[in-house]
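Shared between the two complexes below is chain A, which has chain B as its partner in the first and chain C in the second.
Up next is the complex of A and B:
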């Protein structure tokens, strides 16, 4: 925790992180290579591309879509994705008249196996505080204007349930293959603060 | 418990910012290291994910907010490690000052460690070699449990979130307390954070996704929408 001292300004988070790593390493409690491996994993292997593959498959394979909405965890595991913060994933579908948007008001719980670590706006007090009280306004500020006829459901991740939004497949993508759809599908659409654009 | 972490419905935060598609996972190198170190610190200090969240919610406003998400993780890691008697209070600060050229006495040899939140020996993990820690974390048993008890509430039933303010860790957000909603989904049973965070047992129980109408939560003037909140059985009661 930060403390003030006569000897000057409180050391930065970067310096305190370095200090923590040194102290735990010296005590034989951690291996810095494991820290490197964790970073590499979440920077390169685990991210929204995983979720995009799930969504593209659901858009092109009706039987998979059915399984995904019935039991998200199992259907996602079929594609090889699982692990911490993905113990139980529930997939909810957005339609022209119903819109789901996900938040964790208590910390920043997020489905890591399919979306990676959460982006800064998801962890921001603005989003956590306001999206459960005025979602239409917050979404509009973030660039998504929904019509008055669209029913919004906010999903507050207050237990170990992790929510993933299955966005609408945009018109004009009927000719695209599963592989061609994947690059269109964004992290923001899978949390419910954006829609997928055709191109 | 009441605290800065329970943010739902609080005001004064300003406008939302549009997402940036090209945002890096870790904006600064220390953030990735702090994230990994915090996960490792949770384990080596004998804590669990609920105790980690409780450590975050006990941070003061500055420690929680000023250095962002990974800053609050770092500060929670320090709290877990000092309470677990792995580090002395002030030891990270002293080492950090050392790193920038100040000469500071090491508190670990000059200060006796006081353990304010004791972890029972039985809850302490066999930490094992450091290289195994992430693998163990990745394959940890998690929070889901199979229980024999039948769910107390049924899908479609109207229920009320208890109007309580526990002084301990809880996952019952302030903004739903005292409000009624409808059970939408019965989710798998899971360990109860309120006791698990304090090493008082898993007490696994049913979890319900309860749908609240915006007007019930925020009054007649609110926009029309719904919020589902995933609530443990102990947080709910029947409505009269």
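Up next is the complex of A and C:
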């Protein structure tokens, strides 16, 4: 045996994952190629671009914006984005005087279909614990300095409510079309830890 | 389930907008297995979430400094818990198979 690095320890997560995949495959419960397809889908197709399309439409279509703020899940579904973790999305709007930032203190609820997979900092217990207690400080450390006149609301995601922030449309983008706005809209802005920049 | 989007070019998901989603390949496999099994109806999402929350809560309560935070460790453990509960694949079977895999001859890609 040459596994000195692992002697006396429980098998690594990588080995357990491989073992589990083998067992599930042998029993016909999964097909590795389908697993590949799911991963590729989430890595390449599902992501913040979907959320950016939602935001750009809300910025340019007042009627859509109204529907989005009234019932996020169905307004997002209108654009074809749904699936696991896409239920119960509630959209909240940032304004010059109110700012929303999203956290999930319990676990890591996150609206996958519109924002893709959560970034590592979002899942970090330090972010989860601190943003609730001192949001202004945490946001400032992440590069977003908000004036004292801005009211900050921390939105805690649960399985019942997954929050999506509708960021402010930046000044100087009035001439841009919906398609031209999409690339400006970042995931971080839709979590509420950044603002959208004009370019 | 989702709109077919471009993989590269101007319409591709903004990679600069996100960081690396998985830090190690096994994390994406664990993620992919859970989503695949869920889609196939092997368990419900609330079942999986409950298991995940329980694993994370246990880690937070223990505050074990020897075991640094790793979201996908909890994810994998939760997946094993759910499959074990249902009798689909037991945790013991996984452990036994993992030990067998660990004993593959040197030169296999797990032994760098």
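Simple rule for what comes next: the second predicted complex is superposed on the first by the 188 of 199 C-alpha atoms of A that agree within 3 Å, B and C clash if a C-alpha of one lies under 4 Å from a C-alpha of the other, contacts with A are read in each partner's own complex, and residues count from 1 in each chain.
We adopt the following convention: a residue touches a chain if its C-beta (ideal position, glycine included) is under 8 Å from a C-beta of that chain, and two chains touch if they have at least 3 such contacts.
Note that the coordinates shown come from a computational prediction; the quantities given were computed from them, not determined experimentally.
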| item | value |
| --- | --- |
| Overlay on chain A: chain C relative to chain B, clash or fit | clash |
| Contacts of A:63 with chain B and chain C, given as first, second, both or neither | neither |
| First (chain B), second (chain C), both or neither touched by A:81 | second |
| Chain B versus chain C as contact partner of A:127, first or second or both or neither | first |
| Partner chain in contact with A:136 - chain B first, chain C second, else both or neither | first |
| Which of chain B and chain C A:113 touches, first, second, both or neither | second |
| Touching partner for A:49 - first (chain B), second (chain C), both, neither | second |
| Larger contact residue set on chain A - chain B or chain C | B |
| Which superposed partner A:30 touches (first chain B, second chain C, both, neither) | both |
| Contacts of A:153 with chain B and chain C, given as first, second, both or neither | first |
| First (chain B), second (chain C), both or neither touched by A:90 | first |
| Shared contact residues on chain A - chain B and chain C | 1-3, 10-11, 13-24, 27, 29-31, 34-35, 38-39, 42-43, 47, 83-84, 106-108, 116-117, 119-120, 123-125, 159, 186-188 |
| Touching residues on chain A, where the partner in the complex is chain B | 1-3, 5, 7-8, 10-24, 27-31, 33-35, 37-39, 42-43, 47, 83-84, 87-88, 90, 103, 105-108, 116-121, 123-138, 141-143, 151-161, 186-188, 193-194 |
| Contacting residues of chain B [partner chain A, same complex] | 5-11, 13-21, 23-30, 32-37, 39-41, 44, 53, 56-57, 59-60, 62-63, 65-71, 74-75, 77-79, 81, 86-87, 90-100, 102, 104, 127, 129-131, 133-134, 137-138, 140, 142-144, 171-173, 175, 185, 187-188, 190, 193, 207, 209, 211, 217-218, 222-232 |
| Residue numbers on chain A that touch chain C, as the complex places them | 1-3, 6, 10-11, 13-24, 27, 29-31, 34-36, 38-39, 41-50, 52, 79-85, 106-108, 113, 116-117, 119-120, 123-125, 159, 183, 186-188 |
| Complex contacts: residues of chain C adjacent to chain A | 1-5, 7, 10-14, 17-19, 21, 23-26, 28-33, 35-40, 42, 45-46, 49, 52-53, 56, 60, 69-73, 76, 79-80, 83, 88-89, 93-95, 97-103, 105-106, 110-111 |
